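Chains here go by letter, A, B, C, D and E, matching the order in which they are written, and residues are numbered from 1 within each.
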């Protein structure tokens, strides 16, 4: 744990200070001096660490993204501790494995709050675990900052203490793709689209949003079907999509089904003009390993890319790669986890306290610069930014839209190359 | 009075007043889940222990209960604590239906049909998106109670469920009905030929058996304020029930209860005691190893093994296989 | 002596001894009928000899070597065949396959075929019903299949536990006749029979078993005439 | 053998029509009319008809595989006949489940014993129930008078010392006795015994014969399958002979014993 | 309905059914021979898929060839499991054996999770995506190979069980171990062999599963549901029944996917099962024992 980070501690503090400064200065405290490592401890007891409780999906079916988020938390904690801690106190992560089971997650949050008496809470991976656990946090009036529960249901119950740390909610994930398609010249614009999708709350929100917009613009839906999360056989699905003659495929996928869809399409020689997957391509390393050159042309939407030029991203990437040297491609979830830390840090500094009610109030009133961009929240914790449109080109993930975004580093290829 | 009657009553009294002393939500949460599992195990044992029909489908009814109660509160505003008993009855009726299908096929087919039932009902919950919310799940309104008492209705609710389950199980065991179920377990055709209407007995037993799971599911849904197809149909729940019955002793009144009170806290603490990165895998492997070891070395469970050590006669004796080679199982 | 049993004790599970010191010896070519009340331990004795039940104490010598505690299949290979009481066909296999199982450990194909033919001649049913599943036959028919299978195995010592149970009178007579025939061909037979008149009438020697020990041994006909035996084990009337 | 042709000598089998008539006669306990039963190509019963007079001890004999047990199974609801009908005291019962038929007062035993192996001997005795009411279901498993009756019956069949043993540990003969005892527990009016004497000690057989006679004197009707001719000829009248799934003869023991058809099919060499 | 699409799904259904049959055959064998409902069967298949995947990644061994390597290994492991654990349960009731295998299933799942994490894996070979086009219908090469391998192995198993002395001994031991011992069968040896064989069949299924479908540690729950449905539908313990049922269900599933809807297609599988059980409780080829003699 004590490995020296190549980047000097001062730069960490600087980046934190920068991020806080960059946030809307609604609160006077945001310019407070405590961000510097030498600052005196703001709230006693100063010799005791600040404990952040997490119930994370470290094993079970959500363990991969769960672990990635957790890595993001760790990178953030290490950076802060190396820089002298938060409010002069060290940070400690009190973490339990919920095995991707919701009951267990709820029990663990109960334990974290009532037995371990942690100071702060982070959220778990996925909406399905966030929904029940956020209710416990709400009950105990604990701010629940989470990077991976963006399904509409999370916000349905008007919780005051839940904050989703991604640029936008699921409904808007495919917005850049839709905008891109509709902006194509009339003779190139596809006439029909297929929506093979996994039954998943996040995916559903994205796909419904995109389908509505495309239909409204006259792009016919020739195939729409939902398969269970457990589907592993895509042969018949591919055959049916091909038979529908769809020019564009909007696959509502997580990861494995994105890979399996590509394989199934390729094996029956189905060549659509554009393919967009909700998730999957974003897990760059694994996706490339599974599909090799067949990745090219596939599009996806994401809140973050490794090459992002957002303030602080370079440092995050460097620290992450130093801490997890075995990995080359950083999973997006790690950035989400890291952003959660950034948001919490900003709020604690902003309020100069560990009072969760104050923190929640502060977050509702401010926005925070994260590696995923600048994010602010509405009354129920919904973020207000937008996603990027990405495409694999020459085996590399490029940002191709929106044009206005400073991260854009390539133009989209359309129609996509053959598999 | 004998220890056997006094002890449970004392324990019940203790659990009733416990929340006054213990305020940490976590401990009440742990007990609440223990009550829940104990009640469901007692229910499972009515079918699995007495009648000898192993059900792998109890979680299906648990999920059914969750969904029905959830839908009732979401669409009609009927509070779960009001609807729970009726949800239990409904689960029993569906159980009777499933029983009707699967009990025609004996033994093994029953095991398998109940297992697939879980898949079927999960699929239905997933696919009836307009009603159930599909994979997005159902959001139940939160109880409007202060943070430190909001857990109590669930704590007492599960406790009541457990007490009712034990009383029902006791009544069955003492009755002709219970005797008939054991007869079914031992030699079904002969039982029928002795005037035991086996279909009726089995269907009734299965209905009673699953109704506890239905009620538990209903309370559980409100406890988490949320139901989704993964949460409601977690197969490990059924497995837990069976392990609990097995550890405690199948076919006995207190076995499932004892099993639940041992297995649930221990398996929860195992997660807290092992490093978080591997806790889940360790938990899974440990559960499996315990299961295998129990079956190998104490297949009759704690209670039966203990009573037969103490020289209990007849009924408490370990089950057959006295000869070196068993005869064919029919 | 082909079979010598001394002080044999055996029982089930953790229960007490059922056999309480059985002494019994059979010379090569003997034909002994064992009678006794229900629950005396007759079947238990046969099980102990054939290895289904592990003896607790005492010795069982077969052909001069101690075989107590050996597995049944090993004992079978030494020449002890046991036809147990009740059902013992392989219910899902055809009648023919059941007979083939009798020839399971016969390596010599020709010999096996020959034995199958002998058995078929004794019990025509195994040809008539050759391709039906054994478990579907009637009780008596199954018993005939079991006897035929035992003949296929053609052992040195044959342990028969109520072979006539459930057989129609005619088949029952056939079985008795065939046993004599086998015995004359040199097979040693230990027969348990409730139908004591027939059993003792057929066998050379009779033994009476009671409460886990052998009470009496004598020539079959002599036992039949013994008034004590008559009263206790044969019944007064000619009801049988 | 009411209504069927007089039973002087070995007469031809009753036809289905005769059996139908007999079924309506109040002095008939049990009637079977024109039953067929086949199992995938094997015709186990062919147009089988018979009637059992109330208060009689009727024997059912016949070679192995002649369909006796199958007939029992059809009567007691274990098999559903392909054709034909079964009446108990004039009530048609074809197609009803076994427990319903028990509730009508018909009890049976099995050729190869079937007992509840891991229940005690005493528990085996109290399983049989004569009626199905919700109250009976949820009342105590064993009541005082039931226990007395069970103990008395166990005493009679000589199993009183084993009453707390697991039934599966009984010897073959003991299991048969237990099954017989349990069948009598429910105070049946019609008892069907499938080879009750098989595997039993001759002394015990005599005892049982005596008990059957005694119960018969109190009005219980018996239909008994048996290969033990001594038992049949001493105890039963009339005797019905089956062969290849039909009744080929019936009449008094003496008459049946002399009947050339019976001699040819069953008794003779 | 597009006839070409229907044809496509029928072809896929038949090929997939063949693979289902192979995967279920070990389950049937073990049930048929030992009356054990081996809930761990699918976990074993998945284990074999992982091992085949490892062999392919590290040694470049073709998955189809890895069948030859994995079968003996699994045979030994299965035999060992039977010898050490199941043998002790001889004659015990169904519940216990179901539970032991349940235990094994989660042990395997836990092991897989810790060794290979819970992400999806698939075996992708150079020829994974090849297919040929016959009359406009695509026949994926891997599926064809898998179905072929399945058929060959099933045939071999069938011959062993029905034609050889060993096969007869195996069946006899199932039906009545005591009588089998009394005609000279070494019961423990034969059961151990039979169980090993059943597990070896699971090993054969693994690489095929890995080539056709993605897998992860918890996938075995899905498969065991399907495979058990196949086994019950076919009539417990009947190899022929298993084959027919696998074909029917494979077809029904693929055709339902394109004709009814994706999400309800899996239901077809189970509804079919329930329907058959209502009309014919013993399944398609199940035999009824004659209980009351």
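Everything that follows uses one rule, which is that a contact is a pair of C-beta atoms (placed from the backbone, for glycine too) under 8 Å apart; a residue touches a chain by one contact, two chains touch by 3 or more.
None of the values given here were measured: they were computed from a predicted structure.
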Contact distance in steps, from subunit C to subunit E: 1
Shared interface partners, meaning chains that touch subunit A and subunit B: E
Chain at maximum distance from subunit C, centres defined as averaged CA atoms: A
Taking each chain's C-alpha mean as its centre, the one farthest from subunit D: A
Between subunit A and subunit C, centroid-to-centroid distance (C-alpha), Å: 78
Rounded Å distance between subunit C and subunit D, as computed from the means of their C-alpha atoms: 29
Between subunit B and subunit C, centroid-to-centroid distance (C-alpha), Å: 49
Two or more partner chains touched - positions in subunit E: 113, 175-176, 178-179, 181, 187, 222, 263, 266, 289, 291-293
Per-residue overlap in subunit B, given as positions that touch at least 2 other chains: 123, 126-127, 189, 193, 278, 280-281, 283-284, 319-323, 325, 328
Sites on subunit D at which at least two other chains make contact: 69, 78, 110-112, 114, 169
Residue numbers on subunit D that touch subunit C, as the complex places them: 39, 42, 62-66, 68-70, 111-112, 158, 169-174, 177, 195, 198-206, 209, 227-231, 234, 266-269
Subunit B-facing residues of subunit E, complex: 31, 35, 37, 85, 88-96, 98-100, 102-107, 109-111, 113-114, 174-179, 181, 187, 221-222, 224-225, 228-229, 231-232, 236, 263-264, 266-267, 270-271, 273-274, 277-278, 281-283, 289, 291-292
Residues of subunit B that touch subunit E when the two form their complex: 48, 52, 54, 56, 101-102, 104-109, 111-113, 115-116, 119-120, 123-124, 126-127, 189, 193, 235, 239, 242-243, 246, 250, 278, 280-285, 287-292, 295-296, 299, 319-321, 323, 325-330
Contact footprint of subunit A on subunit E as seen in their complex: 2, 4-5, 8-9, 12, 16, 113, 117-120, 122, 124, 128-131, 133, 138, 140, 143, 212-216, 218-219, 222, 254, 257-258, 261-263, 266
For the subunit C and subunit E complex, residues of the former touching the latter: 50-52, 71-73, 76-77, 81-84, 87-93, 97, 100-102, 104-105, 133, 135-136, 138-139, 142, 149, 153
